[in-house]
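Two complexes come next, and they have one chain in common, chain A, joined by chain B in the first and chain C in the second.
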Partner chain A sequence: MKEYKISGIEKRYGKKEVLCGADLCAEAGSFVGILGLNGTGKTTLLNILGNVDRNFTGEISVRGKDVAYMRTRMAFPEWRKVKELLDFYGRFYKFDRKKAERMLENTSIRKNARLRALSAGMQRQINFICNFCVDSQVLLLDEPLTNLDLVFRGVIVDSLIERAMEERVIVVATHEIKEFENLFTHVTVLKDGLLGPLTDVEELRGRGMSVEEFYGGSLQ
Partner chain B sequence: MMRKIFLTEWKEHAFVCAAGLIVCLIGVIGYSLAGIGAEDWYRADLAEGVFAFLNIASYAVPLILLVMAIFAFRSYYRQAGLTEGKIVQGALFNLFVWTTIFLAALMLLATAFDFAYFAGAEAVRGQTVPQCMLLSLREHGVYRLLFAPSVAVTMSLFYVMYDLIRLSVLRPRHVFYKILLTVLMLGFLFLYQYMVYCAAVSPGILLEASWLVPPDSVLPVVPALAEVWGDDVKNVHYFAAPILNLIFIAGELCFAVLYYGFVKVAGRCKNEMEES
Partner chain C sequence: MNFKSNETIYSQITEYIKKQIFSGSYGCGTRLPAIRDLAVKCRVNPNTIVRVYAELSEEKLIYTDSTNGKFVTADAEFIAQKKRAFLEEKAAAFAGEMREAGLDGEEVTKMLQEVFRKGQ
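Our next item is the complex of A and B:
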């Protein structure tokens, strides 16, 4: 994959238009931050890109098992065990199970634990580990740091730094700009159903501007 | 892909089947204990109760499995890039396999009860109404095991009909067309299945002209066996399809073609991923 391209994504909930022609074109190796206020449609957009929601118009260059998607809440039934979740990923994705098990060993999550027995933070951890260990062309992360303790936040950021070296596109929708400030290669702001132009973070830095300042300016 | 879906969902299906069998086993043991030392007529009554209980289970558990199949449209499959068609195939496969396994196990349980309860008490068995021994292989012979795949076929047909109605509701944009298409679909499904059933189990010009044995047999291609067992699946179990009746097979194959054609024409959903 040379580039990850989405064009003209439109989505309505009844009469309310949430997305009205979102476009994005990111080269392989990009780390894209999607910024925006609550309710602007970030999760809706990621659900579309992650093939969860198919009721939309527009085009997406890569979908399905080539896209790993960490949702805010796992769709996998909570009465199932962590081991079964790993089995599921192993069956349906190109999944590095050994790596996932190694990462799990560094957490307090047991493989035999049921998902419902895990705290919200632990569920986020296993959610991240599973999607991170999928060998996909695109990795989508929706608010990846929510509910996580400082230690695992560090694990996520470090893991993403490692992965940023690879030829993949990582798309993160987040409010935690500071934590990803040094990872973003591009950022875009979702506002009024439209994605703003993809802005090169290096260029911003060259202008002496931080991502947070850029975001603040975009909202005005 | 069906195998992958089967492996992902086998535990909940196995749980339902095992729970159904355990409840039946508890019922069987309870009734059996209650009959110890009782008079023959009372023991015969209890045996009828057990058989009735097992018969109810043979309807209830397949229906539960059907409901589970209906709710098998899970977003984590979509997220993993499975098309709706593949998900439906997986649900159908699960439904067929687990219904067959459950019914076969239930019939073995009924048979074991038949042998154990009436051991040395043929007089009690003589007072028991034979019609209630629907699932007993002792009563009907080993060919009665055909019930298992036969009920599974009916459940699969129910699921396909549900899928057609679901698409009739989902595909049109306007409410009027949704209602119209759904009503037409319901009418078509009822008439079609009724017609196939009548053609399969009733004597008629078509059957008389064919090389099939009389239609009260589920074994049309083995006339000798059919005469021996004289079995009509459909008449004794409402969920059992006459699966060895060639008219039924031909009718349902046509139905499968119509189903496939409708799905192709109507489409399953917007922005469906292409089959890989």
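Our next item is the complex of A and C:
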């Protein structure tokens, strides 16, 4: 993959048009932040990119098993066990199960536990670990730090740093600019159903502007 | 590390490494941290560290041994020269600010001695 390209994504809920032609073109190796207020359609967009929502118009260059997607909530049945979730990832994706199990050992999640028995934070942990260990060209994360304690927030940030060297595209939709601003290579703001221009973050700072200032300015 | 959010991260880390080299914390011939390790330590994108090391190589302060990683230049004389140039630049910028505020060299020197005495 040389680049990850999406163009003209449109989505409406009844009469309400949530996305009206969103475009993005990110080179392999980019770490893209999609910023936007609540209710602007970040999750709607990621659901489309992550194969969850197939009812839209527009084009996406990479789809299916080449895209891993950490949703805010996992769709896997809650009465299933953790190890069954790992089995599922192993069957569906090119999945580094050994690595996932190593990461799990550093949490208090047991492989025999049922998903519904896990706390909200632990569910987020397993959700991250599974998607992170997929060898995919694109990794999408929707508000990955929500509900997590400081320690696991650190695990997520450090893990993403380790993988940012690889020739894949990482896309994070978030409000938590502070935690991610030094990881992003580019940011874009979702507003009025459109993605703003993809902006090089170091270039922005070179002009004396922080990511937060850029975001604030884009909202006006 | 705490970064200023409205200055390029690569220039802030480059400056940090330079100070480590000039102060002798990273002595001549010392092996520099691996890209990933420094990225995790600074909590920044590893591509930023790639750029930092490229910048330092360009200035010949570090060199790459293709099998073993990056090292601080072994030429102590060269580093001393670079350090002097680096500090002179800082001093010139500082002097410029003081001059703008209407102080002369003697007053600035006095003030500096005072500051150093207080250990600030």
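Quick note on the criterion: the second predicted complex is superposed on the first by the 220 of 220 C-alpha atoms of A that agree within 3 Å, B and C clash if a C-alpha of one lies under 4 Å from a C-alpha of the other, contacts with A are read in each partner's own complex, and residues count from 1 in each chain.
One rule holds for everything that comes next: a residue touches a chain if its C-beta (ideal position, glycine included) is under 8 Å from a C-beta of that chain, and two chains touch if they have at least 3 such contacts.
Quick caveat: nothing in here was measured; it's all calculated off a predicted structure.
Superposition note: with chain A as the common reference, chain B and chain C can be accommodated side by side. Once the two complexes are overlaid on the shared chain, A:Asp66 sits against chain B while remaining clear of chain C. Of the two partner chains, neither chain B nor chain C is touched by A:Gly8.
Within the superposed three-chain model, A:Phe56 lies in touch with chain B and out of touch with chain C [touch as defined at top]. Angle at the C-alpha centre of chain A formed with the centres of chain B and chain C, after superposition on chain A: 160°, rounded to the nearest 10. Once the two complexes are laid over each other on the shared chain, residue contacts for A:Phe88 go to chain B alone; chain C is not touched. When the two structures are aligned on the shared chain, A:Arg205 is found in touch with chain C, with no touch to chain B.
Of the two partner chains placed by the overlay, only chain C lies in contact with A:Val157; chain B stays clear of it. In the superposition on chain A, contact of A:Gly121 is made with neither chain B nor chain C.
After superposing both complexes on chain A, the closest C-alpha pair between chain B and chain C lies 28 Å apart. Overlaid on A, the two complexes show chain B and chain C touching no common residue of chain A. Across the interface of their complex, chain A is touched by residues 4, 7-8, 11, 74-82, 269-273, 276 of chain B.
Across the interface of their complex, chain C is touched by residues 29, 31, 157-158, 161-162, 164-165, 181-185, 202, 205-206, 208-213 of chain A.
Listed in rising order, the residues of chain C touching chain A in the complex are 3, 5-10, 35-36, 39-40, 42-48.
Contact residues on chain A toward chain B in their complex (touch as defined above): 50-52, 54-57, 63-67, 69, 74-76, 80, 84, 87-88, 91-93.
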